[in-house]
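Right, one structure below, let's go through it.
For clarity, chains are labelled A, B, C and D in written order, and residue numbers in each chain start from 1.
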Amino acid sequence: MNIGRFAQNLVDSIADAGEKFIDLKMFRGSSTQFLLQLCTDLISHKGVASGLALAREVVNRYSVLSMAEKLTFLMEVNKKMGPNLEEIKVVATKYVKEPSEGNLEKLTQNIQSCRRKLFSRMIMAPNGTQAIVSLREDLLGFLQTNPELRAMDNDLKTLLTSWFNPGFLILKKIDWDTEASILEKIIEYEAVHDIGNWNDLKKRLMADRRCFAYFHPSLEDEPLIFVEVALTKGITGSIQSIISEDSNINDEGNTAIFYSINNCQRGLRKIPLGNFLIKTVVKEIASELPAIKKYSTLSPIPGFAVWLLNELSKQNSEFISEKEREILKIVNEKNWHADTKKCKRLKKPLVKACANYLLNVKKFEKPINSVAKFHFGNGAQLYRINWMGNTSAHGISESFGLMVNYLYDLKQIESNHEAYVQDGTLAISKTIRSVLK
Amino acid sequence: MNIGRFAQNLVDSIADAGEKFIDLKMFRGSSTQFLLQLCTDLISHKGVASGLALAREVVNRYSVLSMAEKLTFLMEVNKKMGPNLEEIKVVATKYVKEPSEGNLEKLTQNIQSCRRKLFSRMIMAPNGTQAIVSLREDLLGFLQTNPELRAMDNDLKTLLTSWFNPGFLILKKIDWDTEASILEKIIEYEAVHDIGNWNDLKKRLMADRRCFAYFHPSLEDEPLIFVEVALTKGITGSIQSIISEDSNINDEGNTAIFYSINNCQRGLRKIPLGNFLIKTVVKEIASELPAIKKYSTLSPIPGFAVWLLNELSKQNSEFISEKEREILKIVNEKNWHADTKKCKRLKKPLVKACANYLLNVKKFEKPINSVAKFHFGNGAQLYRINWMGNTSAHGISESFGLMVNYLYDLKQIESNHEAYVQDGTLAISKTIRSVLK
Amino acid sequence: MNIGRFAQNLVDSIADAGEKFIDLKMFRGSSTQFLLQLCTDLISHKGVASGLALAREVVNRYSVLSMAEKLTFLMEVNKKMGPNLEEIKVVATKYVKEPSEGNLEKLTQNIQSCRRKLFSRMIMAPNGTQAIVSLREDLLGFLQTNPELRAMDNDLKTLLTSWFNPGFLILKKIDWDTEASILEKIIEYEAVHDIGNWNDLKKRLMADRRCFAYFHPSLEDEPLIFVEVALTKGITGSIQSIISEDSNINDEGNTAIFYSINNCQRGLRKIPLGNFLIKTVVKEIASELPAIKKYSTLSPIPGFAVWLLNELSKQNSEFISEKEREILKIVNEKNWHADTKKCKRLKKPLVKACANYLLNVKKFEKPINSVAKFHFGNGAQLYRINWMGNTSAHGISESFGLMVNYLYDLKQIESNHEAYVQDGTLAISKTIRSVLK
Amino acid sequence: MNIGRFAQNLVDSIADAGEKFIDLKMFRGSSTQFLLQLCTDLISHKGVASGLALAREVVNRYSVLSMAEKLTFLMEVNKKMGPNLEEIKVVATKYVKEPSEGNLEKLTQNIQSCRRKLFSRMIMAPNGTQAIVSLREDLLGFLQTNPELRAMDNDLKTLLTSWFNPGFLILKKIDWDTEASILEKIIEYEAVHDIGNWNDLKKRLMADRRCFAYFHPSLEDEPLIFVEVALTKGITGSIQSIISEDSNINDEGNTAIFYSINNCQRGLRKIPLGNFLIKTVVKEIASELPAIKKYSTLSPIPGFAVWLLNELSKQNSEFISEKEREILKIVNEKNWHADTKKCKRLKKPLVKACANYLLNVKKFEKPINSVAKFHFGNGAQLYRINWMGNTSAHGISESFGLMVNYLYDLKQIESNHEAYVQDGTLAISKTIRSVLK
């Protein structure tokens, strides 16, 4: 039994002991009302052991609610355990009158919502960390239709950012000697390039591949984010050469291709986990395999097809000339990609349009394409746009078969990153530069 | 190499990579000014990798400051990176005018001091957790003479309470198969009953003993708090029978005596770690050793001698009668404890005075004696006051040789705890009740 | 990296160092002659490091031989490195003249074949243990057509019995947290009831199942033998209820059914590994799951159909009456098992014939059925013969659908075992006794 | 609980189960007679589980015998379970008449003594491996006065050599993170240069040191042999600079000095364990610390003083000239080593005599000095004899303060080894060559 589970079992035992105290008969009403009452008790309660039993009770009872009940419950918590605006007003007024450190501290204490306290106590329950992450997943699902829950999500985000501090994360190598229970999750969570079955997975863990994942000590069997790497000769531009063909163990590989990065926990959305991952893995590979000299991604371009079709439907496009538009319209034709002639015509303007999309189409002054934004933010360079990089049906429909290499050049990664952060400069290769001309 | 160190090394490597970017020549002035400038950069900097290098730089440079420089530095950080009272006033005023959720969020964001951001970034450095704990130890040392630092300590306390959430702590059994590097720290941190050397330690880890410690995943070789347990026949009242004599492996032990609880990290003072420890260890022993039926502490009474001597020096004492005072004065005589007659006279009134001290001398409505407060708060019962429980010089001078058993009765622990929390009731045994009559 | 591989890598490094010394150019001739020359060198050589390099060379070169070359090579080794009959005659003659301890020692030393020395040195190579086990697998394959190799196999068997001493074996629990590389082998080695794929495997490792395997420290990722257990309510007689249906987690299981035992290494045939396994697993389950009160197998009856058809074809059978024979002939009809009437007629005489087969058909005074012999030898009782215990095509053709429960009754296991060893008594239940009447 | 102990406990449980069967009342007579009867039962018994219980009984009862009883018991086993000389004579006669493979196999089987069977069964007991090693330690102690036990020791040696095959040994790094229970044994087993206490040990495990030990999987907490290494600048000639002074962490170390090699288990004498150790550790250090370029021992010269004093007392010495003898006699004077003038005169002839002792004084054509023989046999070169290499009282009395460096030059280690094995050539440095002139 590993130490984590040992600890978990103990927490369970203490909760058992505490349970005897809670008089469950006292609670009345519907299951959400009941749960709310338990929550109120949990945050008002000053005790430790009974608190633990209550925390477990809350976590367990929440987990069996229907989605409708969960929404009702979260709306109630959001409202009832949110900050008391009137009380805060009183303290804030005092502060405004006399803006001292002392009054600030009082204000700070008053401003803390009970929701935070609730979550901070729930996480102490057996499997509490998992429960909180799941709760946030539910919450994120409700946000769009219930924007008032955003306040509660802010609370959760603040707490999770602290609890999932990068200093606490643990990097593990995933290979064929990894526990099946974790590998099963890798299969499940792979969303970029599906892993069909265990044989497929085994191929991705062979000697010419690497896979690394981040874990949190309190969620020990749950990968948070993982990256798949292929060791190739040169910077590969075709995803099919990596995932479809028989894996060729390539003893002469000199390049590490990051071809799939996956966030596993929907409940941790917007909690920064991935920033370190690529750089950490680069260091790890560099120390294990001195023969690897280059590091690059092979990345999808989600949104490119949608954007281009939209541009083509407009009267004018700031990114596409009339001449280009005429050619690009070919993408509306059926099976254009099977027609060599059409492909030949399309190639140049399509790649150029893609470069424009990645570099010049922005939102809040950052690239609108999330993958591009992520890698530029990490200090990578837009290195190459690959024609027919992904010939699968999904690849054709998502980005007309194009895929992108973002290069992680260890010598320039920091200056690229700085230039990006300071004045939004996007690092591009000579190849890309010539594409844009 | 264990996984934690592996991760640490990687963090180091990334920091190395980032370092190239930081232009250390840009910094001028004294070492504290230099450090302050680095800190400003660390919190303003939006980057990740360079931020990590900066974090390491800040952590390393802080660690080599003299105590005087540390104080200067902390005072500066406290002031410069504290909340901006005027800015907050503006936002608070807006809120007072219109106390909406939206305005509250703005207020909340403004209220966050840069100090918190600084600490949250420092902890990402290699060994950052250890560095933050050390920094707080320094800070606590400065508090008394520099009370204005309390604001900063509140920030740190909030962060540490979140980072050291009980759900993240790991319980480990400490025995003779534990790494020497950790055992060495057990010797060092034992403050209640000194461990003289490794033979002494080995005795405390033999088959009739148990030792458990809490660890944090990011401080993996550093025990946070540990408890030493002796398995005895009946509830022992003499600490010498446990620590001075040759350890007798007692196969018929039916009682677990918690005879030493030690907080290891001064930098974690007031961060609640110990509340779970005893109950967790009780559960652990119960499952390993079904023959153990009773759980009790054998605890010191720090402050009793000081308090009693003070009471005796007063004209009137609400806790001691005139008749008792006459006898109790014997404790002022040299070597009274070696005189059987004096002892015989002293015993009854001294034990009674001690019971009064533990139960009736209060501060903020709780027992003034911190050990008593801790165990009552945990749901224990004051079970027995032991005459000549600690005959060492220290025991005589601290508490006139008295020691206390606090009983952890699994059936009453929760109700005791509740009664204590709800209305301050202190659980006492029949024996103690009769002492007080 | 685990310690075993660490050690293996080191062995490899030393072999590398030694290799420089071996002058491979000196060797001439065909690959088997070459290999023989290396072997001669390996056993004559007094060195250690060069010996290690030689051992690796021998192991590697053997592994790439064709089967025909392997046979040639083993025949040569058998002959050339076998005992020198004439030399031994000289020493034996001396002993016969003067049968002293001294002369016996000389005889003993002379009698040791060079083959043993060769194998003892080969096993020191990197992965040497695996290599020797594989070599024996080859050897066993050649035995039938080349009975002279039996002498060599006797040498190997003696050595392997010593190296795989039960005291060195390690029992490991196999579950869904086991490394995929080991689970893959479980799928591969399962020969009794095929595991179709990973989902099928996962079902067999769920909460109502157990799986245990023996490992050898020098073959750490290779299970030697494993057993699969189902926790059921009562003694199940149908294998389909265990392996075909959806696994029902049965919290009220009171019986452990051993439904599959597999030897994994053909090269370890006749090296006793399994004798301890069942009893060890019984103890392990008993300590983990106190609710489990009964232990039984659900075992196949290989050979029963063949035997019965043969008996039916004879004029007279000592085990089957004329009346029974008439009914039993039904088994020659197509699809008899789908015909309720035929089944009804068959059941009684078929079960009786099976009991006779298991108990009374013997070879060297032991049951001819190897599964029966194994369990009787372990102290088990023939508990029940199950009609339609295995309704798969294989089950019908192997044993007309019958399966057997052998009961491991902890109280009788030793006396059964003793009675079996002492005078060949087979333990049977009342049910079986009544079947035989 | 580690897996080894887990396995051990299970073995214990099975033995418990078997115990019920053994009718201990049947045994009569003295404890050694009783034990002998148990042994007879153990080897005749065909059972497994009862056999295990018997094995445990034998192991336990043997361990509590007095030394006198142990001797009696071993003498009896030696005699009664030794080979049956008359029976063997019969089979040997048959073989002599017809020296066929078939008759040889019969002879081989008859020749196997029951003693081997006994030990092979005893090792299956819980802690059986430890028990057999201890028994051999006892046996070795009795050998000198009871030479007839040598036959039995030969049996044991053969078995232990197989069980402790180098392919099964595991190398572990010993450092300050090692379990205290193992470190305690390092302190205990260090026989070359005493480790005074835990602080002393810690010094020897600091960053500028290395320590490695071999373990056997069935004796997992017992080091078999270990080596201590210091990382120094250049080839140190003074042991005091390594063990007496404050350890100076030497970041610029370019040399690994093997300054202490210790066999831990007296019961494994003459079982080859150390041959691989040094070369394995050299490889390990080379891969961890590329800065280390040279590997050398700093070794004692046990027997040198005794030999020299003896030579000086003879009329003629083939190793010492008359002139040298005159000077060398100084070593008979008290405190000669504190007298600079005497030292100055002695240095040259003493070093020369030592070189002669190490290189030219032989037994069975090998150096009589066991340390020299060990390192020459490993392929090392006699590199330097160090004046005042060990100034401790022990060093002065054992070898007049001299110590020796044996150099492990990776490029020459194999050729040295070969030359030594083939024709007894001893590798020496230029320095030594010039000393001998």
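General observations
Please note the rule applied: contacts are C-beta pairs under 8 Å (C-beta built on N, C-alpha and C of every residue); 3 or more make two chains touch, one makes a residue touch a chain.
The shown structure was predicted, so the numbers you read here are calculated from the model rather than taken from an experiment.
Touch-path distance (fewest steps) from subunit A to subunit D is 2. Look at the CA centroids: the one farthest from the centroid of subunit A belongs to D. Here the spacing of subunit B and subunit D, counted between their Cα centres, is 49 Å. Centre-to-centre separation of subunit C and subunit D, using mean CA positions: 38 Å. The set of subunit A residues that touch two or more partner chains is empty.
The chain pairs satisfying the stated touch condition come to A-B, A-C, B-D, C-D. Considering their complex, residues 3-4, 6-7, 10-11, 13-14, 17-18, 20-21, 46-50, 52, 82-83, 85-86, 88-89, 92-93, 95-96, 99-101, 104-105, 107-108, 111, 120, 123-125, 128-129, 148, 151, 154, 159, 162-163, 165-172, 217-218, 275-276, 279-280, 283-284, 287, 378-379, 410, 413-415, 417-418, 421 of subunit D touch subunit C. The part of subunit B that touches subunit D in the complex is made up of residues 176-181, 183-184, 197-198, 202, 221.
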